[in-house]
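Both complexes below contain chain A, partnered by chain B and then by chain C.
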Partner chain A sequence: MEVVRADGRTPNQLRPLACSRNLLHRAHGSARWSQGDTIVLAAVYGPKAGTRKGENPEKACIEVIWKPKTGQIGKEEKEYEMILKRTLQSICLLTIHPNTTTSIILQVVGDDGALLPCAINASCAALVDSGIPLKHLAVAICCGLTETGSVILDPTKAEEQKMRAFAYLVFPNSPLSVLPKAPSAVDDEPGIITSVTHGLMSECHYINCLGHGHAACAKISEFLRRSMQTQLPGDLSKST
Partner chain B sequence: MKVEQPSDPPLNSCVDQLVVPGDTVLDLSTMSNQTIKLGEGLRQDSDKISVMKAGKLRLSKPNKYWVESSHKRYVPCVEDTILGIVVDSKPDNFLVDIKGPTLAFLPVLAFEGGTRRNIPKFEVGTLLYVRVVKANNSMNPELSCTDASGKAAEFGPLKDGYMFETSTGLARMLLSSPTCPVLEALGKKLSFEIAIGLNGRVWVNASSPATTVILSNAIMKSEFLSGTQQRIMVEKLMQKLQ
Partner chain C sequence: MEQRLANTWRMTVNEKKFIETALLSDLRVDGRRPFDYRKLTIKFGREDGSSEVQLGETHVMGYVTSQLVQPYRDRPNEGTLAIFTEFSPMADPSFEAGRPGESAVELGRVIDRGLRESRAVDMESLCVVAGKSVWAIRVDLHILDNGGNLIDAANIAALAALLTFQRPECTLGGENGQEVIVHDPEVREPLPLIVHHLPVAVTFAIFDEGNIMVIDPTYKEEAVMGGRMTATLNSNGDVCAVQKAGGEGVMSSVIMQCLRIASVKAADITSKIKDAVDAYNTERALRKVKRHPPSVALEVSVPDVIMKENQVDELSRHRAQNLKDEPERSCSNDGTSIGVEISTSRGKNNAFIGGPSSWDPYSKGISSCFIRSSQDLPGPLYLAKEQEEAKISQNSIESDPEAANTLSSGPVGASVASQQANSPKSLKDAVKPKNRKKNKASSTSDMS
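Moving on, here comes the complex of A and B:
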């Protein structure tokens, strides 16, 4: 049964994505990611010497600051900071620069649904821009479960409020590889980095969301790779 | 007689293409008995080489691979010449900021003819042209104001002039040989002194402030221009001067 969405999208269609990097002059890395009207600006400073108190000095420390569009910082912002910190800690190579701190500051510019996935995508792009060593990229998507039990991707704020449940899912990006694919390899178990759910959903609905989300993340991953292509420095130096 | 090319990159290779973190670029199980040297941006993950930073994968025959990228921060490498700023002085070392993850140490005796009696006095904020001697992930990097044979060789404090910050990619382009087009074109019309640090700091010294401003603006704008575009830009600037 086809779900009719308010802005005319199909259930599996994402809003237009836009990513621009290196926009802030003072930050060591910055990125602005927008999905429709949800826009997040991420700035990365670091690595800087010294870790915070209580953190392991044998690894790099990541600190996240979330700045909402309006209002004071409250519990919701602290929760976003914690989720982002854990997600980014799992994609960064923390042992390369021990005893350093990397700060990531996120500013919400517009909020029209799927805010946390947009923020995760923005902070991943900003980390790449600043040159922090990463294991792989993180690509995030929001999957919603409507009243009728069908999955829609990338909901707007109005759609989010009417849904029965939704899940924010973060997958590793699909890498290029020179390794030959083993003939019997089937992509049955996609690796997942983070999953945050709101509302009640049954197990089979969740597995369904995972499947749709993973397919959409392949598209976002491709978009992220193409957006980096346009910002390579000019090819003036000849390789000697 | 068939001559075998020893180390051609594998056929489906990503050399000279954009790679992003997570891509696997080499499979060590297919290349046996070869020494491969990995530069910045690559790491070894048991049997495969994967990418840590986004950029263009480069190969220098026969066996050096690295990822070329440009950032605002610097990762210290041995034998790099950089510009550092003194932030503190200790009895044994000067603490120098080199735009890296940690501060670097410059031993007080690492100067030509340096003894305990003639230790230089650097104020906080002095700009130094130095060479990286030791660079490890776990320790603070060590610097020196002499070259490998112990001579001063232009290292040391830079007096007067103006320092500005750029990305590491622009610094590498300015230091490439043959001479970068923008520096060549500027050098034909203006006279100036320049010191370029691979950590993204450039120091220029010219006779008048106006010349210094033109030089720094021209260099900063030349980052994403091709050779011909750089020459045209410098010509236009010179016409405005006259």
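Moving on, here comes the complex of A and C:
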């Protein structure tokens, strides 16, 4: 059974992606990522001296600050900060700058569904823009499960509210290898960095979502790679 | 504590001396004259009431929301206006999350005085039921980049957001006429706020013991300045607020001169804000005229996750990849698989002659009807938002008769009937003569 979505997309079609980097002058790195009407602006302030109390001083520490569009900061924002912090900790090389704090500040400019994946993509692009050493990039996608059991990618806010369940999935970006790979070769199990689910879904639905999400993330990482290659490094002299 | 001091940005003595000496000869570091503003750009988001202002390197975002609340007891028939300023840590390494510092509070108060206490926004029109429910307008100002002169930029952002904000219309209803019903923006047009005048803030930085005043200081000049004065004026020449909190003493003649300069600048900035708001309003009106499903993947030169042939098996869905709903649905309703790849990045006409790889006659039907539509339609055939609606209705008429000929399925006939009812008769004239006979034949067969 075919799912007809409100904005005319097919179940496997993403919204238009746009990424621009190096927007802010004071921040060490900044990026603006938009998926349709969901827009997030991320800024990175590179390694500052000292870690916070309770953090391991032998490693770098990542600090995430989430700024909603309006209203007070509540539990939801704190949860987003925690998820982002753990996700970004796993992709950064923490042992290069021990006893430092890297702050990532996110500002929600527009929210039309799939906010957390958009934020993760934005913060990844901002980290690249600021030159923080990373193992690989993290690419995030939201997969939703409709009432009928079919998987749709990148839902809007209206779709999210009607869905039975949805999952935010973060995968490492697909590597670009020099060796030619046979087109039918399947990678090993896709390594999932983060998975946050809302709602009730059965095991096979979840595995289905993982498959769809992994395929979509391959597309997003292609886009990410292309956008990073085409954009020239703007102002190389960033004074603090 | 030590780490905070280690992270603050400090100006070197050389830079300080350079800026001060240059100002003595009327030179500013970025090449401006003492009373020149930096480049001002005002942009709006998709929603009503969201604005982004860039003044040189300073970047501020404003966002207006409204809510029904109980009024204050001493003003039962007036709405409320509240300004919240967020000095985001992304703007400056010295800004910290959490409690707003004193400069954040000062900025909020200056803008508040200029807007609210000068009665720029009409509060009495926000009253719904006196004493019970009024509209509370909340303006959130997010400072994204601190390049200096935050007060002016934030003020412009607040004004631009308030001018483009529209609150939902509400009426009294219910049993005793006391219940407030808020109407959905789709049902009833939302109303803009009534703004009487635009109070614009102009900031001066004071150097050299009160002798030199410059407008619109950058953050480096702010670190060196001896004091600051902000004058909020409107284009009528009224002084809404003046803020000079400490700093160097300035002679009153210099202050009067500054106010005169500020009124000229305020008029200039007011006209810029009004131009930007007018441009946004016309664009919003155009958007509302033709309602269509929001188009997908138009502006971005990135192909979406398109069903490639090998992925199709994996994901088990064959569909005509189309950016138009109705013809797609009607043509492929019987479930025949058509694999058409469309990439919007590869130019406009190619999208319609997308490569169908199957032998299915439908694929030819779709592409030929697109070609026909491309010949019939006036103007360029790119998937511009404004023309999509017209094309959808035209294409549906042209493709449906063909589909009906080769396939007689119930849903197609029904959709043909519904779409024919919607479209005006003139569209049928656009169809070529050889199709007209098919139209008549199919319409009679479907209607029966």
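The working rule: the second predicted complex is superposed on the first by the 221 of 240 C-alpha atoms of A that agree within 3 Å, B and C clash if a C-alpha of one lies under 4 Å from a C-alpha of the other, contacts with A are read in each partner's own complex, and residues count from 1 in each chain.
Simple rule for what comes next: a residue touches a chain if its C-beta (ideal position, glycine included) is under 8 Å from a C-beta of that chain, and two chains touch if they have at least 3 such contacts.
Just so we're clear, the structure is a prediction, and the values are computed from it rather than from any experiment.
Visitor: First (chain B), second (chain C), both or neither: which does A:175 touch?
Guide: It touches chain B, and chain C stays clear.
Visitor: Considering only touches as defined above, state whether A:29 meets chain B (first), chain C (second), both or neither.
Guide: first
Visitor: Just checking: does A:49 make contact with chain B only, chain C only, both, or neither of them? Give me first, second, both or neither.
Guide: In the superposition, A:49 contacts both chain B and chain C.
Visitor: So, does A:200 touch the first partner chain B, the second partner chain C, both, or neither?
Guide: Neither partner.
Visitor: Same chain A residues contacting chain B and chain C, which ones?
Guide: Touching chain B and chain C on chain A: residues 48-49, 240.
Visitor: So in the complex, which bits of chain C are touching chain A?
Guide: 2-3, 6-7, 9, 45-47, 50, 57, 59, 61, 63, 65, 86, 88-93, 97, 138, 140, 142, 144-147, 219, 293-300, 302-307, 310-311, 314-315, 317, 319, 321, 323-325, 329
Visitor: Show which residues of chain A lie in contact with chain B when the two form their complex.
Guide: By the definition above, chain A touches chain B via 28-29, 46-49, 93, 95-100, 128-131, 133-137, 172-173, 175-179, 224-225, 228-229, 232-234, 236-240.
Visitor: Which residues of chain B touch chain A once you look at their complex with the stated criterion?
Guide: So the residues of chain B touching chain A come out as 10, 12-14, 18-27, 41, 43, 48, 50, 52-56, 58-60, 69-73, 75, 101-103, 137-138, 169-170, 172-173, 176, 180-181, 223-227.
Visitor: For a test of understanding, state which residues of chain A touch chain C in their complex under the given definition.
Guide: Listed in rising order, the residues of chain A that touch chain C are 2, 4, 6-18, 23-27, 30, 36-37, 39, 41, 43, 45, 48-50, 65, 67, 69-70, 101, 103, 105, 107, 109-110, 153, 183-184, 211-212, 215-216, 219, 223, 226, 240.
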